[in-house]
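Some structures to go through are shown next.
Look for chain A in each of the two complexes below; its partner is chain B in the first and chain C in the second.
And then the complex of A and B:
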């Protein structure tokens, strides 16, 4: 009896060792791909507080996968997309990353949206040598987690700087006021970079007001701003706050000749109805515009509307682009090998996406333009693209 | 800070004028605090209970006018993107206020009947914890029912700036101040001059004796909750009119500020609630002239100092009569 048990344990141990060996062989060869499929991972939050962002990203990515598979896949192999919900929780992002890297053994992982979740997942992928491409995490530290971590969106420093360049050079504004959310790193980051660049260009920051998260009444801030007679007001905040701020700014008698300006946090289907016309003629920087007349963008918008019956947001566009970036990298690499794909990602040049033409720089970040959109009626119209070299 | 001083150079307006403007802003802000604060103060006066669910009654006050407006077609978030929101006529605005007041009065009485009355003879701590429970229940129930996303409130009054000579206020803020002043005066007269008001004062003085004298204590307590909730409902609709987005957690901060205002003025005292609310609003705004970053922090430090000198609040009595 005892002998039999020992034998059984020994046999099991042996079997595990054998599997382990096989795994190693697999990684050295072409991990993430079988005879006719290539496994790609996608991890975003489709539940929890940032569910709409994740849902849009997933929709965009799935549309791209569908298109690619219909057109014959990547180098003849169809994409097997392994999707996991990270539920807006950092610990869940870590678990999912382990699953994708060690169980599904994906070739490349795509995600996450929120920087906090990307930061939780990145070390896992870095350790396992899996290239990770984030579609939309803007925090600078994300890609500093290791040489396998990439992103295809612009960073907040560029966004803030680009807004300053647009205000100073395109609109000819010289006296800017800022109203920022002091509890939000995104808001203060954008505000600081805008401030720095606008002053460097020769402009003056006449007022820099802050408010606490959850504030709905901005009379004090606006009174201070109005007294300084700015010619532009920078609002680096999310759309809910912008809707209230803009109405109160106009309500307190700051006229239409003083436009408001902001970043990608403004983008929402709720922005225009909730601001009730107060934002007419104001501007914000965004990843792309669905009104962009270029053929590539319009084909994407049409495909997306046909599949989901709604216009694609920036996050959907970035989700769409990230899949094509990975496809391009695999094709450039020439084989289904993680290390080679990583090198191809790092060397990516002049990729033409729906969110603009971009290259990956030495920090594994995307160097890409920002689209400045103008609020007009119920539309966001593209008015100007600011290139990375314009801001440097 | 140095830079702040440098840019503080008045670009057209003098500091005195800016301060005056901020006082006006603060009075508008404080009027809302005062309207909510009376609910805390009246309930405390009668039951010595801090009704933490009161901020949520204020939140629901906004929703109780949002939905009727939506059902009548006055909404900003329709499915059809080409939709242009209709202008809300004055009689509809009046109806929305009444509707919200009635619903909140009922809600306030229900909360009292089912959450607080069964615990009236238990320890005050038990009732306090129940109050926190009701508050959380309403917040999370609100998130479930209304969704956490803020909703755009229809335009009840088109906002515009009104020049009052030395200062300028938006018309909605002037409406807030006027409505709040009328409501507070009415409430004061009600409590001082009418029989139900006298019953309220009697209950706050000594509930058992009041009952022996033939006062309907349960009815009076119910009425106290109803009136407090009506004031909160009015505050909810007024704020939604001035800052037209509403969300299920909007009662959290507003309730906290109003509670602080009630304590500052002397909890249990209705004129105290009015004074506390105005003082808090004006302090916050005036400090905001110099730094909006620290406005709330400085305002609260001032409040702590006031309470150190006068622990029962500005108009609070150390005696037992509370309303």
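And then the complex of A and C:
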């Protein structure tokens, strides 16, 4: 009887070992490439709170992979894209990162969208020496996690600063009011950096109001803002809040001569219909504009519409660019080797993507321009590009 | 006392051996899931004392985890705070330097959570059933909102860069301590009294059990281990943010308990393992079937089916003991 018990335990242990045994032979050469394929990892959230962002990024990336494979792959090898869902949870991001780095042994990993998830994945990739390129995590601390961690979007500090520069220099505004979502890292980050830059330029922050996540009624904040008579209102929030805020701001009688300004969180097909015209003549900073007449952008917009039957968002554009950045880095490196690809990523210069021409700087962040778009009728029109050197 | 010491030594050396074995022979991905299982076991077993043994329905476990995680991280992590007026970043080096500071930091985190358990427990444990659930849910939300506004720990941005201290050794050691102490607790006068409270509070009081006091003690016990688990999880993920400890986290732990069988220690352990392994195991299924999102559907389906066909959970209130094993194995006495 006791023997049976021991046997049972031994059998389970053995089964366990068989499932998870280290594949020692392959460890040294694990660079993610076989004879005719190269393994790339993609991890974004296609379920959970931020599923729409992840879904768009994935669509953009898959479009790029399809194009590249059709055109003969990277240096003759087709891309084997390993995609995993992170379900908007930090634990899952860490698990997926471990799976991509040690089980799939990808050459380069791409992801995540949300900074909180990128931060959970970054230490794993750093430890395993796998280059990780985030398409759209804007928290400055993400790339500080190690020398293998890159990003191809601009940061909150640049975005906030660029909005301040645009308001002060282009629009000639001097008295700004801020209404921020205090529970959201993105919102408070943008607000803080806008505030710093606007004051440094010589402007005045006449009001800095905050609201809690889920607020629908902003009367008290808007009353306070109105009393201070600002000439511009900065709304570093997501589009659903902006749609409500803008209507209530105009509803309380703050006129069209006080435009509203915001960041890339404004971008959504629902922004204009939901705001019912209140945003006419307002501005926001974005990664790119689908109205951009350049050939490269239009080809991407056309390809995306053909495949998914909808206009590509910024996140889709960044997902598309991240794959081409990785392709360029592998070609520059000349070899399917993680360390060499990492060095090539760090040295990337003047990459022409649909989200602008950019280089990777010494902090492994992208130095790229921000497009300021104007809300006009039912369109977002590009009015100005702010370059990194304009903000520094 | 002698036996406790022996068990502790045995547990620590076992954890040491397993840690070595995992590091040497098992894939990192599997090790990571085992680590998460260990943390889930601490969470489920400690919540079992409150919800299962004592019968008090608490939804505040994530709040205690958050306190443990943030307090321990406060001691082990380099903090960077941006001054929004000047644009300068103030850097503070960790208060406890090196890996030896980890355990003290964890314990302080656990004690902070326990203290919060005391503060919350005294007024809310007068409430019963749904009311208590709502009150503890409220507590969890308060913790999250406070953390979202503490600039020194990163506010809504969260706190990245926690050192890599949560090895399998520490996770398994604390999981062992948690399980063994719960076994003792369950068999002690204290544990029996808790069960009496669960079965009939009035009768228990009549029998001379100090109901209010024992409930608060159970709450503190659960909160302490939740704090420990929070600290371990933080140092495993190496980044924490208030949203990691949202109320869905509390629900997850409750689901583990209900799945395993509310009131059963074995059930809590099995529930924790199943619900940690299942979503990861289904990842490959999803890949093979080329059905994105099917993972979460299957996960939910498992829960629904189990609740229909076995509403008392896998184990009900029974425990898996050597006696039961003997009966089930072929050749055993009936």
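Criterion: the second predicted complex is superposed on the first by the 362 of 392 C-alpha atoms of A that agree within 3 Å, B and C clash if a C-alpha of one lies under 4 Å from a C-alpha of the other, contacts with A are read in each partner's own complex, and residues count from 1 in each chain.
To be clear about the criterion, a contact is a pair of C-beta atoms (placed from the backbone, for glycine too) under 8 Å apart; a residue touches a chain by one contact, two chains touch by 3 or more.
On a predicted model such as this, the values are computed, not experimentally measured, just so you know.
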Touching partner for A:145 - first (chain B), second (chain C), both, neither: second
Partner chain(s) touched by A:211 [first = chain B, second = chain C, both, neither]: first
Contacts of A:153 with chain B and chain C, given as first, second, both or neither: neither
Which superposed partner A:95 touches (first chain B, second chain C, both, neither): second
Chain B versus chain C as contact partner of A:87, first or second or both or neither: second
Contacts of A:224 with chain B and chain C, given as first, second, both or neither: first
Touched partner set for A:123, first chain B, second chain C, both or neither: second
Chain A residues touched - chain C or chain B, whichever exceeds: C
First (chain B), second (chain C), both or neither touched by A:182: both
Intersection of chain A interface sets (partners chain B, chain C): 182
Parts of chain A lying in touch with chain B, wherever the complex brings them together: 49, 182, 205-212, 214, 216-217, 219-221, 223-224, 227-229, 240, 243-244, 247-248, 250-253, 270, 273-274, 276, 378
Chain A residues within the chain C interface of the complex: 1, 4-5, 8, 17, 19-23, 46-47, 84-85, 87, 89-92, 94-95, 98-99, 101-103, 115-116, 119-120, 123, 127-128, 139, 141-142, 144-145, 182-185, 188-189, 192, 195-196, 200
In the complex, chain C residues that touch chain A: 24-33, 36, 80, 82, 84, 87, 145, 148-149, 155-158, 160-161, 164, 233, 236-239, 241, 243-244, 279-280, 283, 286, 292-293, 295-296, 325-326, 329-332
Chain B residues within the chain A interface of the complex: 7, 10-13, 18, 21-22, 25-26, 28-29, 76-77, 81-82, 85, 148-150, 152, 155, 159-161, 168, 170, 172-173, 239, 242-245, 249-250, 252-253, 284-285, 288-289, 292-293, 295-296
